[in-house]
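One chain, chain A, appears in both complexes that follow, with chain B as partner in the first and chain C in the second.
After this line comes the complex of A and B, so read on.
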């Protein structure tokens, strides 16, 4: 389903007379981990759907042999547009922004009296109101504050140490790490995943196991091609009712 | 207002009790507005009632809420829990199978602490039993009794109802007795429910089984066999959601101290409510918007991801 949406966006753009399309092949962002197989194949998939006149820019981002190799991927992508000095300047700027963002995320969330929920799930679902049935807006209407699971790897990698084996999918490891980081400060956990997604299914099970007996309510949501969010909203409303009743004792 | 049935209950507004004065179970049959009117007409014919508060629940709760002028619109999980708790405060587990949802609600000390619902598809729910009974040429009311007669329930693939159906057809063509197929299907649905929803959750007694499917004796038998515990099926199991909504509505109107927003039987029965669904073309999201109109006047709309209301906004 997310791939369909992706291809839909690509075709929409292609119809607008687009000449160059950036679809990176993200193989691995952290040593020893992979991204989801569907992301790996994205450039090849897109190629089938756009006319040959559209130029595809598909830099390979691969950290399997370490961060150096990953950085080389970024740089060689830049070199297609500019000379090395300019690329390096841009790269340094990007690193500064990334670092300050990571510091900000690590600081945690403002504590308040309102109910807070940790939202786990891939960015392409969490941030796409179309695919996720307007999840964040609905939670806002229900008076719930959302804590995002965006945490730097420096926090989430050590947080996953309790597991006998580190998950090799980066999204899963980040979600589990965020769960460890936030579980004592939130009132509940929601995970959202596309129906039939392998990586997210693993995540659901691992989160479930971790929270068993932890007295922290957990809701697993799956989305597919339903254009009516009624089913999703029923679950969200019931979950928020549960949290409220629990908090008020 | 559910996918398969629309249920009406009248609760005694006086006192703290939850005595059911009148109830009606009607089939929605894809015509929620018509069935809403039918139910209200039957209610008005059954006695001269004074309505102090109205609650709506189920997948059609928003629509019903707008048409009736409900004091409370609540999701069916909370409603079912409220109803079960009013019957017995010590309930710890609720199994509920309705038309397109199956739910498992876990309570501790009278508070909902966890729940699970079927995921994106409606496999293993009441509407599937309905369909299969129809295909076998038996009424859904006889289905449970038929399943109980079985001596050798056959194994039916229960993961997906489309798989289940082809498996059932194969068994049927091998000459397996219909009672054994019916029982096999019940067993498969119980397996499906427990593996999909229970997932290691602790199902402690007292266990309630409610929703339309609780009427099915076959389902009751296989559930209590699988759980190795007796189940309690409440007297008004088929309308528990409605009872819960009514109880919560009673709370919402302060036990009758606040004025209800109910529009009145006359107004509802003598007005024409229409709905219209269209695809909005304002942005590439192409949201499916449904609008409700009463006698030509706009009431409400749903489905716009941007939160826009009504057609008037459309042009603007």
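After this line comes the complex of A and C, so read on.
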């Protein structure tokens, strides 16, 4: 479903009559891991839906062999437009911005709410109020503090050591690492995924297995283009009721 | 050890020989059937793909027959297959079947685990024995494939309905029982003659329609997963051109990968202009083979994939472009445990009719026969 939304965005932009479109091919962001297979073919998929006059800008981001390879992907893409010194300057500026953003993310741990919930899910779903049926807003209305699974890799990689085999999808590994990290501090776990998401189906099994002994309620949500926010909200309310009852004993 | 393993088409014939060579007792699960699938789906999350569920069903059947170890293949993504074994182990554990899993994959991470697996597999076996078993397994795998391809060619030309399928079954059984390379060779030789006899005689037959089958490997080779796609097409008078071979898969994904060869380069060349590289599983293969088939003398392409298969979804999005550029009809079939035979058959018949009309009436075309006629 997020692919459909993406193609929708692309077609909207293409109708505005633009000639250049930035669609990166994100193969891998962390050494030895992959992003979703659908992202691997994204530029080629998008190509089918836009007219040939639109040029696609496609940097290949591939960190399977390490971070240096990833950086080289950015730089060699930049070299198409400018000379090396300028590319390097732009690259450094981008790194600084990214780092400060990451630090900001780590800080805000909400407190003071009755309930805290760990929200697992891919960013394109968790942050998109339309696609997720206004999930975050609804949780806020229910008086629940949401902990996001955005943790630096330095935390999530060691946290996944308990698994016999480290998952090779970055999102899954991050989610499981976050689960490990927050397991003792939250009251419940909610995961949201697009219908048909392959990694999520496996992640669900791993999360369930981990939570079985921990006495921590877990709600799995799947959304697609047919899901209605009303049904979603009912489930959220019921889940929060359950958490409250559990907490008050 | 009594080792069980999930089915992949007729690969069990070769795996049995391999395991015997290693000094283990193979516990082949009964042929995959509806019940296997139901058992597997019952214990799996609904969103997992069809191959996972069938494989889990096979494992449960194998364990019922007294196996104490499961042999499975692994991998490092991005297709879900690589993580199957881990999840299946957890699911079996959850239903109280705590069994040992031996995963065959390129080692990464904790090496001692792989070393233990290797020791478990090879302990108590003599090298000569192992090599002989491996050679026999390889010969059997190739023989099985040769037989299946012969059947694909014979089926649209057979004189009597369903004779080819029966004959193939008998020959596969003979290959399974063969104990030496010589015996495998003999079976293959006599089967070649046998298949020729099943064909319609006379030269005025013309050519049957030729349809290429591409897609995710499991759904292509496993008859239960694809609802006997090849047999159905054959009975409709179509010669099926297979693009996926198990022996080729083993060469590419086990031998060449272990040696560090780039197996995607030739495929990338074929898929140039459509897909720039690997998307996991058989996504790239699907596009590359479709483009290659379109240039050959093939009248249409059938693309088959399990529901929610991540790589094939990408391929499915790009296939219409291949179809448009090469002027070749493509039918994409999505299968899962709820696929109904009737709807499947109707779609195949409609596609075959359409392709037939498109290429024009050919002389002596075997009539697309209805099941009751």
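By definition in this document, the second predicted complex is superposed on the first by the 236 of 249 C-alpha atoms of A that agree within 3 Å, B and C clash if a C-alpha of one lies under 4 Å from a C-alpha of the other, contacts with A are read in each partner's own complex, and residues count from 1 in each chain.
As a convention for this text, a contact is a pair of C-beta atoms (placed from the backbone, for glycine too) under 8 Å apart; a residue touches a chain by one contact, two chains touch by 3 or more.
Note that this is a predicted model, so its numbers are computed, not measured.
By the touch criterion defined above, A:130 lies against chain B but remains apart from chain C after alignment on the C-alpha atoms of chain A. Of the two partner chains, chain C is the only one that A:198 touches; chain B does not reach it.
Among chain B and chain C, the chain that touches a larger number of residues in chain A is C.
In the superposition on chain A, A:114 makes contact with neither chain B nor chain C.
Legend: residue contacts after superposition of the two complexes on their common chain; A:222 is shown touching both chain B and chain C.
Residue overlap on chain A between its contacts with chain B in one complex and with chain C in the other: 195, 222. Of all residues in chain B, only 59, 62, 74-78, 101, 111-115, 117, 119-121, 199-200, 284-285, 287-288, 303, 305, 307 touch chain A in the complex they form. By the touch criterion stated above, chain A contacts chain B in their complex at residues 12, 129-130, 134, 137, 195, 208, 212, 217-218, 222-224, 226-228, 230-231, 233-235, 237-239, 241-242, 245-246. Listing the residues of chain C that touch chain A in their complex gives 45-49, 74, 76-80, 82-83, 86-87, 90-91, 94, 108-110, 113, 274-281, 283, 307-311, 313-315, 317-318, 320-321. The residues of chain A lying in touch with chain C in their complex are 3, 25, 27, 32-38, 40-41, 43-45, 47-48, 163-169, 195-202, 204-206, 209, 222.
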